[in-house]
Each structure stands twice: as structure tokens, then as C-alpha cells.
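Residue numbering begins at 1 within each chain, and the chains themselves are lettered A, B, C and D in the order written.
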Amino acid sequence: MIRFVVSRVLQSLVALAILSVVVFVLARATGDPLQLILPMSATPEEYAEARHYLGLDRPYVEQYLSFVGRAVTGDFGNSLRARRPVIELIRERLPNSLRLAAFAMGISLSIAFPLGILAAVKKGTGLDRTAQVIAVLGQSLPTFWVAIVLVEVVAGRLQWLPAGGNQGFTSYVLPGFTLGWFVVAGMMRLLRSGMLEVLDSEYVKLARVKGVVEHRVVWMHALKNALIPVVTFAGIYFSILVTTAIVVETVFAWPGLGRLAYEGISSRDFPVIQAVVLTTAAIVAVVNLSVDCLYAVIDPRIRHAR
Amino acid sequence: MKPFARRLPKVLPLLLVVLLALPVSGWAQAKPDLTIALSSFSTETLDPVLAGHLVKYYLSMMFDYLVGTTPDGVPSKDGGLAMRWESSPDQKRWTFHLRKGVKFHNGDDVTSEDVKFSLERAAGKRSTTGYAGLLRTMVASIETPAPDRVVIVTKDPTLIVPNYLSRALSTEGMVLPKKYIEAVGDDAFGRKPVGSGPYKFVEQVTGSHIRLAAVDNHWRIGAPKYKNMVFRLVSEETTRIALLRRGEVDVTEVSRERVKELEKESYPIHFRREEAVLTMWWILGPDGMVPPMKDKRVREAMNLAVDRAEIAQSIFAGSAEPAPIPLGLSWSFKEIGLKVTPDMQYPYDPARAKKLLADAGVGGGFSLDTYAYQLPGLPEGKAFAEAVSGYWEKIGIKVKLIPVDYPAFRKNWVDRKTPGSIGYFNIANRDWMGTFALLEKQAYSPSKPTDTVNDPEVDGMLAQVMKQTDREKINALMRGVYTRIRSEHLGMPIVYLHSPYAASKKLGKWNPGSVMYDLFFDELASGK
Amino acid sequence: MSVPVIEVHDLRTHLVTRWGTIKAVDGVSFSVAEGETLGLVGESGSGKSMTCLSLVRLTPRPASHIVGGSVRLDGDELTTKTEAEMQRIRGRKIAMILQDPMSSLNPVFSVGMQVREPLAMYHGLRGATLTERAAALLASVRIPSPAARLRAFPYQLSGGMRQRVVGAMAIAAPPRLLIADEPTTSLDLTIQAQYLGLLEELQDRHRLAMIFITHNLGIVSRICDRVAVMYAGRIVEAGPVRRIFTAPAHPYTQALLESIPRLGARTERLTAIEGQPPDLARLPGGCSFAPRCPQVMDRCRTEAPPEFEAGPGQVSRCWLRAPAGG
Amino acid sequence: MPAEPLADRALPLPDVAARPDPAARGRRLPVVSLGIITIFVLVAILAPLLSPGDPGEQSLRNRFKPPVWMEGGSSRHLLGTDRLGRDMLSRIVWGSRVSLTAGVVTVLLASAFGAAVGLVAGYHGGTVDAVLMRVTDATMSFPVILLALILAVTVGPSFTNVVVAIAVILWARYARVIRGQVLTLMGLDFIAQARIAGAGAWRIITRHLFPNTLNTLVVLVTLQIGYVIIVEASLSFLGAGIPPPTPAWGSMISEGREFVTSAWWVSGLPGLAILLVVLAFNLLGDWLRDTLDPKLRQL
């Protein structure tokens, strides 16, 4: 088990290292941040001075090495736009992002579970098809469109829920639902196919033959097995949530990592772009790792094999 | 299978009900907050010298200017720290007499030392304020003969010092606490700024909001009407309007397109009239205009092809008016004595435009690249570019729309790599001094690379303005510049933009003025 | 012969598929008494398993329906019972051992949890008593160091061991009727023999009525008292083991016996009967076996044969056995 | 007569022991989904014939004309006009071409590259596999939208950039899934047989491994076409999608969102088009998966 975790951590680190090169190059490809920082009337000398001041005049390899060297210690340099340590900005935004993602995941699960199980138990019936369409609908509309309609109707007209910002629990509902609904389809598919497979298994048949009541058969004997694929792909869903979040954060004025990245890109703020991408990747890696561990908890075969 | 099947339909609606019935919290209803939703905080900086001119919305509530102005940008002795000012006869020594008893939020007195420190800091290396460069070349020294007196000595005679250090322009005139900054350092100041304005800094959550709290009694506004002022960053229009409807915000930026809808619901709309002029220009080559735009007739044809009234009506939903003069900032027209006559307006005349093109030998049309981008305060940017391109296509010009974001366009503009292609800008309206600064930047060849005009006659007049200390002569020269730019069609004026702000129904009288990047919340917050 | 534990009369189960309705169980009747073992023999798809699943009403849904007939357990009619009542009959009165020991235990739960579950359900046991009884149950199926095994997960046990666990769960009640659906198919030969021994022992101890589904006629001859041969959803021949083996009356049974593997040869499927197995969606009008029957007569193709007496306690659905002039 | 095992010829009757055969109990062909997709594909192909007018022709005076069935609508613009007075029907018809092409091309690029990587990694194993999989991991952890945004500000948004940006990230998922399948296949006898028969790497990959992953590929491709169309729309919202004046559904919705209350059709109609197409692709993909590859779980 420990060997397994160590090797997974190493794998993630290699992936992060590859990513750091890519993001370093890409961030610099976006253009010259000074154009946005300096006033229009700035002279070439002022440009050169600012470039030196910000350390942008050093050779790329040197810049990269110092970036990696400091990034390891959690120092991503200073934001060119906000002139503050990037890590501070990340620390400000990350919790918002994680909380929203977690809430969206919760909503998504609480829709996907009943739907997926219902669809599997009622396979081939109208209920199954309805459940699938409800789930797939969420994936078939652009998230920003769903978000805007929700803001307009639920917040603006009906005035039930806050339209934007983070003012406590109710603020999570609309963005969480928008994000969550988007991934319901994927999760529901996993659950449905997992449940179908499991419900047809010998052990579920045996449980029924034993006289176990049906809801126990479904929710206990079958579900724990069907959970495995859901858990396995939780990492992928999490990264989809984080990615899609840019759009949702924009509509709901949610101060998360996605917006930070967006602002970073539009102001060519290299350190911010680098930091956000790496942080996101690191989160995905951590989630994947914990998913693997969780997987082992659910499935004893894995737990003991490793 | 039955028991489960029976259970689920019961569970599902229950879940939904739980989700929907979550406590609907009323936000900020009872709180004595004035909440303002804006679409962009630009740099989100709290330090005025770090491009603070872009975010004067909140900075001007936290800091005092050396010279105050009215909401319409006229220098005023009531709005700034300087209660009066005068210049020496040679117009090289400007003395400002400071208001007494003004304190920073940390209790320190505001003195002439702070003014001197602030100006030097604005001219310093770290500074990226709008006109830091000008400050560096203009100022020779700053003297502080008394705590309430500061003398600015310029290298050349000039009239512009008071306007230049006023609230109407950039942030160079903001007075910062010397002792505090020297004690805590620039970075700490940038995180927790201390000023002397009517509201003091409480917290900033980047990407979300900035919260200010009122000081008890301030010379600018008296006893504050609102305990707190909260600026919220909400980039999506629909969301801002929903926030207004829910009473979560009191003032919000809205698009011109939605003004009618909100007026119908009787939300008061406050306009910043002629806040900006939307003007288009050709990117120059290394040696100025390139063919076919080198031909005056082509420039005129392109101007005549555009139906400005229709654009004002449709794209800008009527909250705009056709503009007659390229780069023409209308506020200054009165000051410099320029009278805009109806014949200066470009008529919509595609037939004549076609003929002009034919005369110029490009009757078969030519290909033209037009950049399309959004700008702060101009959400209609792309649609506008598409609409104008549509008009040009109708006279036979083959337009290729190039969507970019503004920084990318700006690079193409100043690098002059794509001469002959079209760009545009919504230039914030300003007084004669600001107008001159604009002309200097965008119409004066020696100011490369931002020049868009490249005309020797214009260059000559602008060079004279800089040395001139007689207002009348300055005015005449500037009238000359505008007349020349208009008659040579050295650019394409499109419309003057009125920018709407919607307010909650219980909000009082408010003139948001039209000073760039400032909304003059003083009036709303004032208990006077 | 003693009183029957289970009596099945004219049981009919239909299955709706996209090829049409299939009569998976088509008028099956039999009975099994206390301590008796009935072997149910037939090709794949002949309806053996459907018959048994119909007894506990666990045929695949929503495709299948029991459309007629009666099932009596100790004289109590099961077909009219509610689902909740059936729930209390499964496991408690009628237990089943499924074919594949590798997959009939839930991989993510410990053996202990799975063995404790029926004990808790049937006897309302809790806590230490429950664990004790679970261990005792494992011991009764001859699982060594049962207490330790309770903590194990299924994948840690061998196939034979797992099937013993399944056997242990099956007798947790103990039930009146035990249905064993090819319980030894995937076990090694020696383990197979041991397991059959265990089943016989359990049967003796609890006086179980047992239905043993198999392909393996060798096993039938070893442990069954009576045999019912199924073909296309019907029992085509039934009778005491010895009669069936020595004097098979139905041509299908004869063909089966001709293809019998020597006892002990590890054959999982019956082999070598000429012709195509029946397409259950398009059964011929008369005897289902007619198309493959070497002794087919004209009558066979038009009229389905009823049951005919073929010997003491032996019946056969074949016109060959029709009394002369019948 | 050689003896043939009966079981092999038996009908797949649901025996207790039998695995469920999805085809046997599966749903009927998804006629509705196929119908929708066929219609839109035809519309895309025949756009020049079907479009009533030029999708780019503006007429500011005729802006925001409602669809014909609403008050104020006219038969000149069956589905109304947008803020620049362009004919909505023409734009939606031409937009189907742009959006469908974007979806299909992106997914084909991604799947071709991803499948190749997956096949090679799975076949070779060892270091090759390790290296390719780390690259795959790195790719998967790079948010698609961020890459597209970066590309958009770097070289300007365009059809090509949208396709490239999405494909450059999307391939990783194919690589993962295909590699997993190949690993399983490699353990099967027929690969060993092919090796004994002297088949080289190329032959084994193309003749033996690839055909066995086709089902999975078809399912993934179908499911992801819809995903790509949605991602493209999201990019338009952030200003990095297929740019105007090209009529793409995503940018039409995005530009029309301001007028949700005043002129719903400007964003609502292209929204409906996206909804129908993506829904159809998703449901078709679900059906394909149930039918071809019930074990496939990703997306």
C-alpha cells in the first residue's frame, strides 16, 4: 500500500513537472504584460526598466529554473497585475473554488444517485429513459446559458436565491446546481451501468434468494459495488468541475481560481497563469490519489493486493 | 423490487423540496451599506501609483486629491485638500494652500510633506499611473515651506499643474501618508492602504469585493449617510441586474441595451453623459498612412459610409449621439471655444462614398482588416465593429473582422505591424487639459508609437501648445488642431456614449458626473 | 413416500423478448418430499433454472411473468402471495445455492457480514451471539478455523471454500427446500465430490427437500432419488433415478444417456445430440423434440403429447408411450 | 458428424447463470436521436440550398424582428433577426455547419491521436508506456478552457484554434481508455498466436489490437461530439470561441444572452439547436455504449 502511494505520488510529480514546462512556455506566449501595466505613453527606457524590475529580462531557462525552484516552496512570484505574491491570491481564491466544487459534487451526486439507481432498477422502462434524459439535459446545454437563465429567473424574477457573490450557504445553490447538473449525466451513466452489472450478478441474486429485502439489496449489496466506477472517475469529474467553473464563476461573480486564471490570461499575468494551472493540476493529482485510496477502502481486493 | 420503487418517488421530490426550500436569506437589506456592482475592477489595485487611475471608483473615496473637482471635472476649491492655489508670474512656481486639521485614517495629520512624498512617489520607478511620465519631465522640485503649504516648481512655464493634479485626471494628485508608507513599506501599504478620504479601507477579496467603512465626519461629505461602501465585482450583466432586483446592490453598471427594460420597472437610470467618444482610426505604417488610406477621398468615403444615427439607435440603444470630429472630446469644446456646426456631422451617404472610392481609383473596393474587441465600458465592442464593417462592405470594401482581445490589438497598434487596419477606442471625455494630453498621445507624431494621425500641420500646432502659456492662444491652436483633423478626415468619429447606471428605487439624488473612472459617490454618501 | 414439501402443478412462466413471447416454463409439474432429492436435467435454456426461480418468484423482470399454475410449499400456495410475504419465504423456507461460487459472494463485504446477514434476518440475532452462530454455521459446513474466516473477504477464499460459505448461508434458517443450481460445475473434481458429500450430509441433518439442477448425469445418479428431464420448458420424462437410467422412455432421455460422459470425466455440458436445439420463440406445433427425434412419427408434428405412464413412478411425454389405441 | 457443444448453439435464454445480453433486453434503435442528427447533418451539408439568405447580411433597421409566429414577425425572416438585423434562420442553418464540423473534426483529431498513443503505449508497455502515460496525465490535468483562452489571446480566436485547443487536451482521455483495453487484449491468446505466427508490431497493432478497440472508440466519439460543441459554446462566452461574423451556435447564444428578456429568440433558438443536437448525440452514444460496449464507463 505504501509502495503504491509512493509510486503514485512520484507519477503525479513527473506529470506536474511536464506540465510546469508547458505552462511556462504557454504563459510567455500570451504576450507582453508590460503593455497593460505601463501607461500608453511609456518610453522604451521605461519598458526596459520595468522589465528588469520584474525579472523578465533574464534568459528563459534561468527564469524557468527560478520559477520551479521557488514554486516548490510554494512561492509563485508576484502577480504582475496585482503586485502581490501570487500565493496570496491563490490562498484567497482556492477555498472558494474547492468549496464550490465540493458543493457541486454533492448536488451532482444527490441527483445522479437516485436517477442512476432508478434507471438501473427500472431498466428499459419509460422511467429509465426519463431519468437518462434529465441527466443528459444538464450536459446538453452550455453552462453559461443555464447559469444566466437561473440568475434571471430564480434570482432576478422569483428572488429566491442570491444572484452572485459568496454570501453564505444560499449563495452556493445556483452555481452549485449549474456545475453539478453538468456532470450528473456522466456520473449517472457510471452508476446506471455499474448497477446494471451488479444487479445481474450472482451475489445480488443470492442476496435476493436469501430473502434480503429489496431496498437493502439495492442500497447495500449492489450500491457499494457500483460505487467503485464512480469513485474511480471522481478525479475526472473533479477536474471537469474545476474547468467548467470558470464560466460559472464569471456568471455568479464567484471569486474562485477560474476567474483568477481568466483575469491572469487577459492581463498576461504569467505568474498567475502558471500558478493557477499548476495548482489545478496538483489538486487533480491529490484528488486522484485520494480516490485511489478511497477505492481501496471500498474494494478489499485492492486494499489487500497492494 | 417493489418496496424500493415505491420509496424512490417519495424520496426524490423530498430532495428537491429540501434544495429549494433552503432559507432564502435577505442580503444587506437592513445593513447600512451602499453597495455598488461594477463589471470590472481592472487592476484591483489599492495603491494609487499602481495603475490606480483605472480604479478611481473606490480609490477616490479612500483618498483625497490635492485639487478637487465637481462631478463634471471642473477644478473646485471645495473638493480637494488645497483650499486655494496660485502661480508665480512666470508660471513656474505653483503654491497650494492646504486644508487644516485633516487627518489620515491612522490619525496622522495631512501635511505638505505628505504631498511632496506622494508626488515623488507617483513620479518614481514603481509608479505606473496614467501620466507619471509627464510628471517626471515637468517637475523640477517640490518645496514645503510650511506644513500647510506646498510649492511645485516646474521646469518650463505651464498652466496645467492644478488640472493635472486634480480628481479629473489620473491619480498623481492623490495624497498618501508618508509616515505610514515609510514605516510599513510599499507592499504592506498596497494591502492595507491608509488615506484621508471619507471612507477607510476595511477589506478586499480579490475577484469579489472591496469594503470600505465611513469615518465619523469628513469635510467632503459631513456625517456619512452610509456606514459602509461595498464595491462588488460582477462581470455578468444579467447577474448585476438580478442583484439590483433583489436589493443586493444599490447602484450598478448596466448596458445601454437594458436601460428601457429597467426604466419600465421604474428603476432610476443615471447617465454619465458623453462619458466617452467612440472613435476609430487606421493603424499607421512606419511612415504614416498607407495606401489606399493615404488618399483623403478614401478616408472621407469610409466616414460617409457609416450611418452613425442608426448605430447610435441600434447598437447603443439610443444612449449615444453621432460624433463629428475624430478624437474630439466634447467637454473641451466649450473651453477652447470650438463651435460644432451641423455641417461638421458626417452625413450617411453611401452613394457619394462609392463615388469617392471610384475617384480615388479603388472603385472595385479593397481589402481591409478590422480588429474587433471588447473594452471596459464598451460591451457593444464586437457588435459595433461588426456593424461598421457591414456598412463598409456595402460600398464594396472587403472587410475581414479580426477578433482579438484589447492587449493583443494594442500591440499591433503600437508595433505598426499591420498598417492600414482599423482599431477603435472609447476615449473618456475630459477637459481641455486632458484633451491636450490625449492629442499629444494620439495625434502627435513625435509621440510614436501611439500616434494615429501623422500630419505635419497638426504636429506643428501641438508643439506650439506645449510651450504656450497664454490660454487664448492655446485655445486657438487646439481649435486649429481639431479643424484640421476633421477636414482631413484623419480618423473616424462615431458616437458620443452616454453610460447608464441603474440605481435602487430608494436611492437619493445623484450625479455620477463624467470624470473618467470616477463615479462621484460623494453626493450619495453625503449627509450634508 | 412421505408428504411432499413442495408441489408444483402446471407452472407456466412466459418471457417477453424482442423475438416474441417465449414459454420458458410451459406447464411443469412435480413434487419433492422431505429428505428427497429431485434432479432437474436438461440442456441450457431448457427452463430448469427458470422453473426454480419461478418457485421463489425471482424470474428476471420486467421481461418475465408467471402466467399460471400453482406452487405449494407445505400445502401453502405461493403464487398468490404478496412480495413482502415472498420475501419471508426466500431463504427461510426455500434456499438456493447458485452456480458460480466465484461470483455469488459479494466481493466488497466480508464473509462474516454475509454469513451474519441471514442469521440476523431469520433469527433476529445480534452482537456476540450472532458472531458465534455465524462461526458455528461455518463450522457446520466444515470450514476450518471459522472465526478467522469471518473476517476474510471472498477473494481470499478458494472456490470450494466459497461454495461452502454459500451452503452455510443456505442452511442458516434451515429451510424446507434447498435448490442447488449446478453448485459444483466450476469446482475441481475432488472438491466437487467433497461438496456433494456435504450437501447430502446437510440434507440428512435438516431433512431438506432438495432440487438439484445439473447437466451432469453422473452426479444425478449419485445423489438424486428422482429425475425430471426438461426440454423446451417442459418436463418430458420423470421417474426414479434407476428407472430413468435403465429404462429411459423418451427418445430425448435416451439421447442424453447415450451421450453420457463416464462418471468422473470433467464435462460440464451434455454433448452430441443431433440437430439444432429448439428455437423457443418458434416452437413447432406438436412435440417440441419432433424435429430432432430419431423416432419421429406424423402425429408428433401436429399434436403435443400428454403425460403417459412409462413404468412404476415413471412418466413420459411421448406418443411412443401412448397406450395402444389411445 | 463432429460433436458440437450444445451450449454454443443454444439460444441466449436468460438462464440464471447467463450474463445479461444487452441486445436481447436492450432498447430499440434510438430513432429520435438518429433522426435529429440526420436532419442537422443534412442541413449542414445543404446549407447553401436551405439558407433563405446570406447569414452575414446586416440590416440595422430590421434588427430584433421576432419569429414569424409572434406578433410583429414577418415571413421574410421566419425565425426573426438578431441585433444586427441578420436573418436568424440563415444563421442557424449555416451555424449547424460550423458547430457540427467543429465537433466532429475535433473529436476525430483527438481520437485518432489518442488511440494511436494508447495503442502504442499498451502494446509496448514498460518505459514507452510510462512516458506516454505521464504525458497523458499532464495533459489531462490541464484545463481545456484555460488552454483555449491562452491560445485565443496568443494567436487570436479562430475556428482552427478552438479545434486545436480542445483536441490537444481531449486526446488524453482516448489514450487512457484505449491503453486500458489494449493491456487486457495483450493478455489474450490471440495476440500470442499472432506473435508466434511472426506478426510484427505494426501488424499486431493495426490488425489485431485496433479492430478490437473500435467499439469503444465509436462510443467515446459519439459521446464527445456533444461535449465538444458545449465546450466551444462556453469558449464563446469567454471570448475565445469561434469568432464573429462566422455564425456558430455558441457565439450566437453568447452574444444573444444580453437579450434574454427582450428578444429571447436571439439566444434561445440557437440554444435549442445545440440542445437538440447534443442531446441526440449523447443519447445515441448511451445507446451505442449499451449495445456495443456495456462495460465502457468513461463519460
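As a convention for this text, a contact is a pair of C-beta atoms (placed from the backbone, for glycine too) under 8 Å apart; a residue touches a chain by one contact, two chains touch by 3 or more.
For clarity, every value in this text was computed on a predicted model and none was experimentally measured.
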Problem set entry | Comparison of A-C and A-D by number of C-beta pairs in contact, larger one | A-D
Exercise. Taking each chain's centre as the average of its Cα atoms, which is closest to the average over all protein Cα atoms shown?
Worked result: A
For this session: Give the label of the chain whose average Cα location is farthest from that of chain C.
Result: B
Seminar exercise, completed: chain A to chain C, mean C-alpha position gap in Å, rounds to 52
Exercise. In whole angstrom, how far does the Cα centroid of chain A sit from the Cα centroid of chain D?
Worked result: 21
Exercise. Distance from the CA centroid of chain B to that of chain C, rounded to the nearest Å?
Worked result: 86
For this session: Determine the centre-to-centre distance between chain C and chain D, using the mean Cα coordinates as centres, and give it in whole Å.
Result: 49
Seminar exercise, completed: Residue numbers in chain D touching two or more further chains are 16-17, 25, 153, 257, 260-261
Seminar exercise, completed: Residue ranges of chain C touching at least 2 other chains are 83, 98-100
Seminar exercise, completed: Residues of chain A that touch two or more other chains sit at 31, 124, 148, 152, 202, 205, 213-214, 250, 266, 268
Problem set entry | Residue ranges of chain D in contact with chain A within the complex | 16-17, 19-20, 25-27, 133-135, 137-138, 140-147, 149-150, 153-154, 173, 226-227, 230, 233-234, 237-238, 250, 253-254, 257, 260-261, 267, 271, 274-275, 278-279, 282-283, 286, 289-290, 294-295, 297-299
For this session: Give every residue of chain A touching chain D within the complex, in rising order.
Result: 11-12, 14-16, 18-19, 22-23, 26-27, 29-31, 123-124, 129, 132-133, 136-137, 139-145, 148-149, 152, 185-186, 189-190, 193-194, 196-197, 200, 202, 205, 229, 232-233, 236, 239, 242-244, 246-247, 250, 258, 261-262, 265-266, 268, 273, 276-277, 280-281, 284-285
Problem set entry | Residues on chain B engaged by chain A in the complex (per definition of touch) | 1-5, 7-8, 11-12, 15, 19-20, 22-25, 27, 43-45, 47, 50-51, 125-126, 128-134, 187, 190-191, 205-209, 232-236, 238-243, 245-246, 248, 405, 407-408, 410-411, 414, 441, 447, 450
Exercise. Okay, in this complex, where on chain B does chain D touch?
Worked result: 237-238, 255, 257-258, 260-261, 307, 310-311, 313-315, 372, 374, 379, 382-383, 386-387, 389-390, 401-405, 407-408
Seminar exercise, completed: The residues of chain D that touch chain B in their complex are 56-58, 60-61, 63, 83-85, 152-153, 156-157, 239, 243-245, 255, 257-262
